[in-house]
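Below you'll find a set of structures to go through.
The same chain A turns up in both complexes below, where it pairs with chain B and then with chain C.
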Partner chain A sequence: MAEILVLDDVFDATVLVGKILTRKGHTVHTFTEEDAALEFVKAHPVDLAILDIKLQKMSGIEVLGLMKQACPTMHAIMLTGYPTVETAREAMQLGADEYCVKPIDKDELEDKVEKVLKGKK
Partner chain B sequence: MNEWTGDGSRRVLVVDDEPDMRRLLARLLVKKGGYDVLEADSGGVGLVIARDWLPDVVLTDVKMPGMDGVEFFRRLQDIDPTMSTIIMTGYGTVEMAVEALKTGVYDFFQKPFDNDRILHAVARAMERTWLLRENRRFHELQKNPERGDFFGFIGNAPRLREVEDLLQRLAPSDMTVLIRGESGTGKEVAARALHAMSGRAGRRMVTVNCPALPENILESELFGYCRGAFTGADRDKVGLFVEAHRSTILLDEIADIPVSIQTKLLRVLQEKEIQPLGQTRTIPVDVRVVASTNQDIEAKIARGEFREDLFYRLNVVTVRMPSLEEIRSDIPLLIHHFLRKYRIEYERPELEFSEEAIQMLLRRSWRGNVRELQNTINRAVLLGSGATIDSKDLRLDVEVQCSPEAHSGLCFDQVQHLDYAGAKEKVLKEFTASYLQAALGRTKGNISLAARNCGMERQALQRLLRRYQIAISDFRS
Partner chain C sequence: MDNSREYRYLQVFHQVTRMISMVRDSHQVMANIVHSLPELLAIDACTIRLLDQASGAFVLGAAAGLSPEYLARPDVDSRETIATAASGHPVAMRAVADSPHRSFREAALREGIESVLTLPIAFQERVIGIMRLLTRTPREFAEDEILFSVALAEQIGIAISNGRMFRQLEQQVDFLHELQSISQLVNSTLDLDRVLQTIVELLPRSLRAQGCTIRLLTPQSNDLVLAASAGLSPEYLDRGEVVDEKNTIQALRGEAVAIQDVARDDRVQYHEHMEKEGIRSLLAVPIKVMDEVIGIIRVLARERRTFSQTEIDFSLAVAEAGGSAITNARTYRKITLLFNQIEEHERFLANILDCIRPQLLVVDRQGRAVMANRAFLEINGLQESEFLGMEYGRLCQAVEGNPPCPMQQVMTTGRMAISVQQVQAEDGTRWYERTATPMTGESGAIEFVIEIIRDITAQRRLEAEQAERSKLAGVIEMAGAVAHEINSPLFAALGTAQMMEGDLAGSELEEDIRTVVRNLKTISELTAKMTVMTGYSSRDYVGETRIVDL
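Up next is the complex of A and B:
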């Protein structure tokens, strides 16, 4: 099973996503602060990052770019409540595998995560 | 198919059913970007243009009657997957953008957009296309190495094609040809091609390296002599012009021949006959003369070192060999060709270049032209220690450091106070020692290999090592 990082400035959102994916057998690391998440990725490469776009200091797009630099093989799913064509475009160009709109239901999330991780192998 | 011209034209195809939008974009790309732009009002027309014109970048609207932009993009990929496509839309949805980018669309813009951002995106897309094509060409060559081989000329660049075309047209005639070009551009290869394609091909071409021979010897070599013409002429000697009868003679480095011989050469070209030394009779010869030079003959004429009338006789037609800088697009082809050649020659069929080494070869400027590139690859294949040749094995930096100029000046100043024999001894000793040390350094102390590189016998090299007391153990680590 995979190592997954979840970053969202809303603590409850990280817990919810964490629960769903842990139940699927993945190891999930949740963060609400971008700095801590970045530090973690640098020390501990993950298979997949699920990133919110509206964060406290940076944007999730910026975080994606930095994480890809630290760990180029990492997959990424962007998750946002404020979708725009512009952020979608930037995220995909930086190498995100998916760009999803909140609220996302459990089945869709499980499905997307599975697909992205499978694409890896 | 998919011919990458590499001629520097940068083509953008704009597809949109709204004429105003199309024109606006086309004008922007032509005026601000300097691109070649064609327009199409539908995906169908766009595909026809794309197939014939092979644009580098395609800018397309999504919502068009008939084929939509996404379908159009898919069909473009079938024509040539290296074209980079940018999609524009007035009714962009996030899903559409995500899907498009996932399937390989290069960029996605929502109208109205900023002109600078479009220009920037097109420029980056152009670069991506170029890289993809360069890469594809290199890999195609590995499958199909025979392409672009013309009497020893490897390449498809327009400049080289021009030369090949000219040679082909000149070959059947008996016209005198002057081949000019920098050192290492293949002047002799061009002369051979001329000879091989001519009606004289059945006979051996005679090549004379003019500066290699001293004045009086050059003269007797070219025109021959009779027994008794001078002391030591104990029998008749047939000159090279007679030997080249009904064939071709190549006068290599013509600019370096002494004026006295220039006069005699002029006579051969004018009268088509030669007069051997010590003979009053002239011998008619049927020789096609090809001359080559890398020097500025016009400057030599101005200084009075080269006869103007000879120049005009030689310069009936000039073939100008392109420098490697002018035919950079052929470098991948050349790399592949030489790698293949030396792999066979040195029986190392598995050897490959690392990506880094290829990049280094592709980017470097080659002052010594094709010859320098060839020698670099020759050396790398021979000396490369692993299964791949990496950038270190190319030894390109080492080369610069041991350029001869770095040594010579120093040596001569230091020996000026000695007598001739002593000075020669000292310079020779220093030269031999540093030359052999460098040669052994390159082969890590392998004597046989070093001897082969220096073009000498192993025993001879060992004799020199003993004489100059070079310890071989210093190089073996």
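Up next is the complex of A and C:
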């Protein structure tokens, strides 16, 4: 099973993703603040980060870049309620594996996570 | 003296008086005298010589009964004889063989002359010449004979002077005619070159000279520049600067300078050039305008000659007439130049105005059109000829709903006025901004009003489009914000509800949670549609904010 980090400024969203993926047997670490999430990754490498794009201080794209510097092997799925061409292109350039639009279906999320982690293997 | 001798003298006197009274020309008088006296006075030869004021020599005027060789001898007689005659006293010489003057003596003896009576020819107590009576037989001139001859010589002096005066008068009349004709010619044109050429061609002809030059001082640098010439070779004209020649300096001071022999006169600098050109005498006169010398005229003669006062006065008069004509021609040239410059500026200004895209219209204070650029005429389908003088009301027609034409506002307030007018055209509504500006005269009163008409249709349409874009950008921004703000909590709610749906399977709440999931999905479909709609719209209208094309 995998170590998964979830970062979203909406607390309930982190809780939901945590529940869905915990049920699938993964270890999920949820954060609403980007600083805490970055500190965590630097100290504990994770297999996958699920990042919202609109955060409180930084954008999810910037966080992705910093996390990739700290943990280059980490996979990433971007989740956003406001998809744009620019953010999609930047995310892909920084190594994001998926770019998903909220609200994502529970089953679809499970499938995407499964697919990304399999790809890692 | 016996009666018959007295009678004879009277007869001679009468004949001489009659003869000289019938002839006006002094040369003719002299010729008649020298040919008649030998027979009348029983002598063999007679000469008349006239005093040349310039050289002081007695120059042969007429002779009879003598050979050319004798007449060409270098000295007329001994210095004493000539000096005595010049002082007004007769000199009788019975035997020339006794003359102390060798060259005269030898010449006279070769000619067979024995006795000579030299008589002064005086007029108003001034000796103007000498008359010599010569015999080839020895002759003692008696007292009464000498007295009679002196009286006769005086009569001849009167005749010569009268002839000279008559000739002078005639010459003056001729000169007056010529001056009139030259003045007419030079004043008949305003072409400077023609004025100058007329003078240099006609003046030497009147003075029996062959060449003439006009040099003018340039107004800017005061250089003396050759402006016209006639009868002279290019080599002579190119001989060099003449400004330092004494005759030039004197003429530039306003004085006339007559030089009889240029070869020996230090007032001439280019002796060699003069010699080569065959010039013997020169007359330089100033060209004056209002007491100011503007140049000089030089008349050049190929025969050595003196210029009489009448000729000098005539030349000065021609120079003065020429000066006025030159000034007129120069003024005309300046005016023409200025006029051309003004025309050029006007054309330049008209070109600029024609190149301006907005329409431009100028009306006078009476509201009549006086000027328009090409854009105005073309747009309004007018020809300049029909446009000029047209009433402003016809050029700016009041349309209902539009503000009044700005020209009336300018005339009322005296200040610039702007109005925007709407016109229905084939391609839709068009907007015109009319800006009228007053143009005031020295008194401050409005003389003209300049109106600039700009077609601001494109600007108006752009403004409308920008307003539309702003509105759309607002909608898109709102849609994006809504999508983001709703989607995240919706995701949390829907996901949680879906998880509960699994947990509550088979319970009595299963149907309720399905209702929740179904409705949350309906909302998520709606936000997805909003994203799709804004994303689709962005491609057409919004360049910077693009929504992903789902």
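Criterion: the second predicted complex is superposed on the first by the 121 of 121 C-alpha atoms of A that agree within 3 Å, B and C clash if a C-alpha of one lies under 4 Å from a C-alpha of the other, contacts with A are read in each partner's own complex, and residues count from 1 in each chain.
Criterion: a contact is a pair of C-beta atoms (placed from the backbone, for glycine too) under 8 Å apart; a residue touches a chain by one contact, two chains touch by 3 or more.
Predicted, not measured: the structure shown is a model, and the values here were computed from it.
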- [ ] For A:88, decide between first (touching chain B), second (touching chain C), both and neither.
- [x] both
- [ ] State whether chain B or chain C is in contact with more residues of chain A in the superposed arrangement.
- [x] C
TODO: Could you say whether A:98 touches chain B, chain C, both of them, or neither, answering first, second, both or neither?
DONE: first
TODO: Would you sort A:20 into first (chain B), second (chain C), both or neither based on which partner it touches?
DONE: second
- [ ] Could you give the residue numbers on chain A that contact chain B in one complex and chain C in the other?
- [x] 83-86, 88, 101
Task: Residue ranges of chain B in contact with chain A within the complex - done: 92-94, 97-98, 101-102, 107-110
Open item on the list: For a test of understanding, state which residues of chain A touch chain B in their complex under the given definition.
Closed with: 83-86, 88-89, 92-93, 98-99, 101
TODO: Enumerate the contact residues on chain C facing chain A in the complex.
DONE: 480-481, 483-496, 498-499, 520, 524, 527-528, 531, 546-550
Task: Of chain A, residues touching chain C in the complex - done: 8-10, 12-13, 15-17, 19-20, 23, 52, 54, 79-86, 88, 101-106, 109
